[in-house]
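In the two complexes below, chain A is the common chain; its partner is chain B in one and chain C in the other.
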Partner chain A sequence: MSNPLALLGRIATYLLLIVAAFVSVFPFFWMMIGATNLSADIIRGKVTPGGALLQNISVFFNSVDMPRILFNSFLIAGLGTALTLLVSSLAGYGFEMFRSKVREKIFGGLLLMLSIPFAALMIPLFIMMANFKMINTYQAIILPTVASIFIIFYFRQATKAFPSELRDAARIDGLKEWQIFLYVYMPVMRSTYAAATIIVFMANWNNYLWPLIVLQTNEMKTLTLVVAGLTSAYTPDFGVVMVGAIFATLPTLIIFFLLQRRFVEGMLGAVK
Partner chain B sequence: MAQSGLARNEQVSGWLFVMPALVLLGVFMIYPILWSLWMSFQVGRGMAFSFGGFANIVRLTQDPVFIRALTNTLTFLAIQVPIMLVLAMLFANALNDSKLWGKGLFRTAIFLPCVTSLVAYSVVFRSMFAADGVINQFLLFTHIISDPIPWMADPFWSKVVIISAITWRWTGYNMIFYLAAMQNIDRSIYEAAKIDGVPAWARFWYITVPMLKPVILFTTVISTIGTLQLFDEPNLIPSTPGAPSDSTLTLSLYIYNLSFKFMPSFGYAATVSYVIVVMVGILTLIQFLAARERRT
Partner chain C sequence: MSGLKLRNVKKSFGAVHVIKGVDLDIEDKQFVVFVGPSGCGKSTLLRMIAGLEQISSGDLFIGDKRMNDVDPAQRGIAMVFQSYALYPHMTVRENMGFALKFAGRPKDEIARRVDEAARILELGKLLDRRPGQLSGGQRQRVAIGRAIVRHPDVFLFDEPLSNLDAELRVHMRIEIARLHKELNTTIIYVTHDQVEAMTLADKIVVLRDGIIEQAGSPLELYDDPDNLFVAGFIGSPKMNLLDGTVEAGGIRLADFPNDLIPSPIAIPAGTAVTVGIRPEHFDPTGTAALDTSVEIIEHLGGETYAYARGTGSNLLTIATDNNRTLKTGDRYQARFNPASLLIFAKDGQRLR
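Our next item is the complex of A and B:
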């Protein structure tokens, strides 16, 4: 550090990172402080904790049927994730393990469809669900997300690392193909499943546009919809909104801190 | 004979494994995307359709709200994506220093916004950018401004808020990609350059950036596709969706309004959605071509 220019560069780097880290973390801090303040204080920019936490929580629980909403959110995100992993990993395994010219062409076609924007699907999907009499049901939310090209691709990539000797050995032992998948592949690939679970669960938990269109009565709504709904008034009660926002962020935040490495690996791996 | 039996068995198994996904994709993706193409040639309100030929495309060119939604979306794209990617690159480069103190802490902090739900962070940002909110208080306190900025009441500043919000949410996400790619670059290249007296900025510009070209292209394309579909933030950060006076209205928000807000114009909304499809298609093609060029 004898070079003054290098020292200056060092200081600039730390300054940049400190500012970036502060800006990144501040809204979280703001959300927690906000939950303890009255709405009027929040929009006045009060940065110190207040005494309104219990009041905000009680208003929140009085205006929201929380057990029901949590049930909806966890059911949709949980069941959706389980089905997505099953169907998409089956396909990823199938495409990689059983090669054929036709299926390779189909797989190429799927990759081209990877970036079809949801905006172009939502109107036909809505009319379709209305025709099936499935508006305002769980299955209307879950079904369109179950076959995920993204996750199929992810599993196909991961399957390349699956040792084929294991499959051969299982075949010699007389296991059927579905048994090999269930009893050999799935346990061996559990870290791939874990990473995919994080990605899919987060996407389902946070999904907003499609549930907004399909779920129409209060007792069917997810936490994400409820939090969004709390702000629909021209002057929302921000203290209550912050309580809701904390609840909506908590599950993914917990997953992140428990499985930080896998979380980041999953995000990188899913798109490699 | 046994060989061909085994081969046939392989074929059958292959189809059985991929079939559930293919059926679901057929019903919930291929069929709807074709249906929405057909719909874009239909005119009428509600469920009463009639064939309108190119009437919807003509309507696009004469619809000031569509033009505004398109301009807004492209403005977000042109300003937000470059700012975010440059920041992500800067942070990644700063964190890619083995001698840096507190590396893990900084990385976690900058990545943290990716963990929030779009809805939760949008409502938090809405309160922060209130007229007398914490952002204005901070800027007044530090004498960066002398009068509060009317963030969400002004067509220009409301766009600034949306751009800041998306940048906050996604910079760390892109940074992770750059960081991972940087860690794959052979250290000895930098050492050699250092010995030859190449300054730090030149090492970044002439070694790091060219080596990261594929990742930069990739993040550009996914960020662009994401921004083209922007919905949650302009729906929740303003006091009413797209406010003030449509200055944060995006294409997705307009499609939603056309379909689910008033008496639905499904045909016209489908036409607007195909504007996004075409733009995303062009981008995907560019990435595909660039990726192929890289391989040969």
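Our next item is the complex of A and C:
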């Protein structure tokens, strides 16, 4: 530590980390504090816990049909995640396991499509859904995300670490291809599935723009839409908004902490 | 009867021909070893027998049945892989019983057969562990156990000992030899290690570039190789191979211009040949000799090898009948009996 330059570098590193920590943690802290304060206090910038938590919660539950909204959110995020993982991992497995002359071309084309922003797809997708008479249905939210290019890519990369001799051994043991996928590949790749679960569930749970367009009646709306709706009044009650934000954040937090260890393994590409 | 017949079997990946026409008969209960340098097609050939690779052309018979298009699980084979390929999420017991479970066997039969295999391989205490908790040697035994429980007609081993350390490899080699006696089935075993091939095989098949160079018993290949490749590949330390030209009274070697050595066979003068002599065929009581200078000495205790040269740059490997007094820089008369020489033509084929 005698070198002053090194000391300076260390100080700069810590300063940067402190700023980064503040930027990532403060909104969460602000949300928790805000939920206990009245709207007026929040606007005034009060950063200490207040006594209005129960009041905020009761207002929130009175203005929102919570069971219905949670059902919608969990159904869309849960079913969407399960289907996305199934379809995209099948595709990733297929891309990696089966040799074909056109494989890389198709895969390259898929990756190119990642660069198209959702805003550009929104209107054609809406027209398509309208033609299928699926506006204001769960399918309209779930189906467009089921074949996720990013998740296919992710599974293909992870499958490179899947030992092909395991597949050979399973074939000799008498398994058909789908059985190999079900009984060997899926259990062996469970870390990858866990990491993908977190990514996909969070994306589905937080999805805002597409549900906003497609879900048109109140009884179909998701928690994200409802919480966002709370701010659109003339005088939004920010304490209530914060309570809603906490409820909207909790499931992703719980899933992350449940799968955290596997998430890290999956991101490292561990096949054990 | 579970012999195998391969008739003009070929394999190509696009324009690349990996197996270029293999004819081979393997008898029931024979231990056959495919050996050859990496890339020679030995593993591909094994995978074709297993059904993991399509056969591009030719016929494969197991027993009397043509198996070209039969599913791997229906061929009556079991395979042991180099990387063991155990299912990491299952216990040893589940790994071994997996194939039987899928074949719809009753639970008590699966348990009986797993226990029987565990007894043969001394795996009893490990049955409830997972592969991740086992050592390399134990995993290999489980992989063999998984093959045994299926009661296959033919065992296929793909370089099963390559991932083990030297000591364990010798141990497992003996285990596999014992297993062959105990199970009394046909075994096809792939390795690049000629010592494994020599010690285990009833019949060795030497492959190079997708064709069979020679097939025969270990001693046939050792004593009577058909060509330079087999001569150089079989035997450890390797056979000495020296270029020379046939003259009226014998063969004059390029590295030993002062010694005219008698030829064991009649060859027209002027023919360019390669002369092979195994290190262990040098014999202090031999009738012919090469005058060498010793460069390196290796004392193995039971034998002393001298690495020596004539006038050229090639080092001869000589077993000196455990001559412990030999030193670097000594002149050494490497004596041998001309009958032990093997003579090869310039195209590599043996001259007899």
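Everything that follows uses one rule, which is that the second predicted complex is superposed on the first by the 236 of 272 C-alpha atoms of A that agree within 3 Å, B and C clash if a C-alpha of one lies under 4 Å from a C-alpha of the other, contacts with A are read in each partner's own complex, and residues count from 1 in each chain.
To be clear about the criterion, contacts are C-beta pairs under 8 Å (C-beta built on N, C-alpha and C of every residue); 3 or more make two chains touch, one makes a residue touch a chain.
Source: prediction; values computed, not measured.
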Task = Examine A:Q157 and indicate which partner it touches, taking first as chain B and second as chain C; both and neither are also allowed.
result = neither
Query = Should A:V184 be classified as contacting the first partner (chain B), the second (chain C), both, or neither?
reply = second
Ask   = Just chain B (first), just chain C (second), both, or neither: which does A:G174 touch?
value = second
Query = Touching A:A120 in the superposition: chain B (first), chain C (second), both, neither?
reply = first
Task = Once the structures are superposed on A, label A:Q139 by its partner contacts, choosing first (chain B), second (chain C), both or neither.
result = neither
Request  = Identify which of chain B and chain C touches the larger number of residues of chain A.
outcome  = B
Message = After the superposition on A, what does A:E165 contact: first (chain B), second (chain C), both or neither?
response = second
Query = Intersection of chain A residues contacting chain B with those contacting chain C?
reply = 271
Inquiry  = So in the complex, the part of chain A that touches chain C is made up of which residues?
reply    = 163, 165-166, 168-175, 179, 184, 187-188, 190, 271-272
Ask   = What part of chain C is in contact with chain A in the complex they form?
value = 47, 50-52, 71-74, 77-79, 81-83, 85-89, 98-99, 102-103, 132, 146
Key: Residue numbers on chain B that touch chain A, as the complex places them   = 10-11, 13-18, 20-22, 24-25, 28-33, 35-36, 39, 47, 87, 90-91, 94-95, 97, 100, 105-106, 108-128, 130-138, 168, 172-173, 176-177, 180, 200, 218, 222, 225, 228-229, 231-232, 235-236, 239-240, 251-252, 255-256, 259-260, 266, 269-270, 273-274, 276-277, 280, 283-284
Remark   = In the complex, chain A touches chain B at residues 9, 13, 16-17, 20-21, 23-25, 27-28, 30-31, 34, 42-47, 87-88, 90-91, 93-95, 97-100, 103, 106, 110, 112-128, 143-144, 146-147, 149, 152, 177, 181, 205-206, 208-209, 213, 224, 227-228, 230-231, 234, 236, 238, 241-242, 244-246, 248-249, 252-253, 256, 260, 264, 267-268, 271
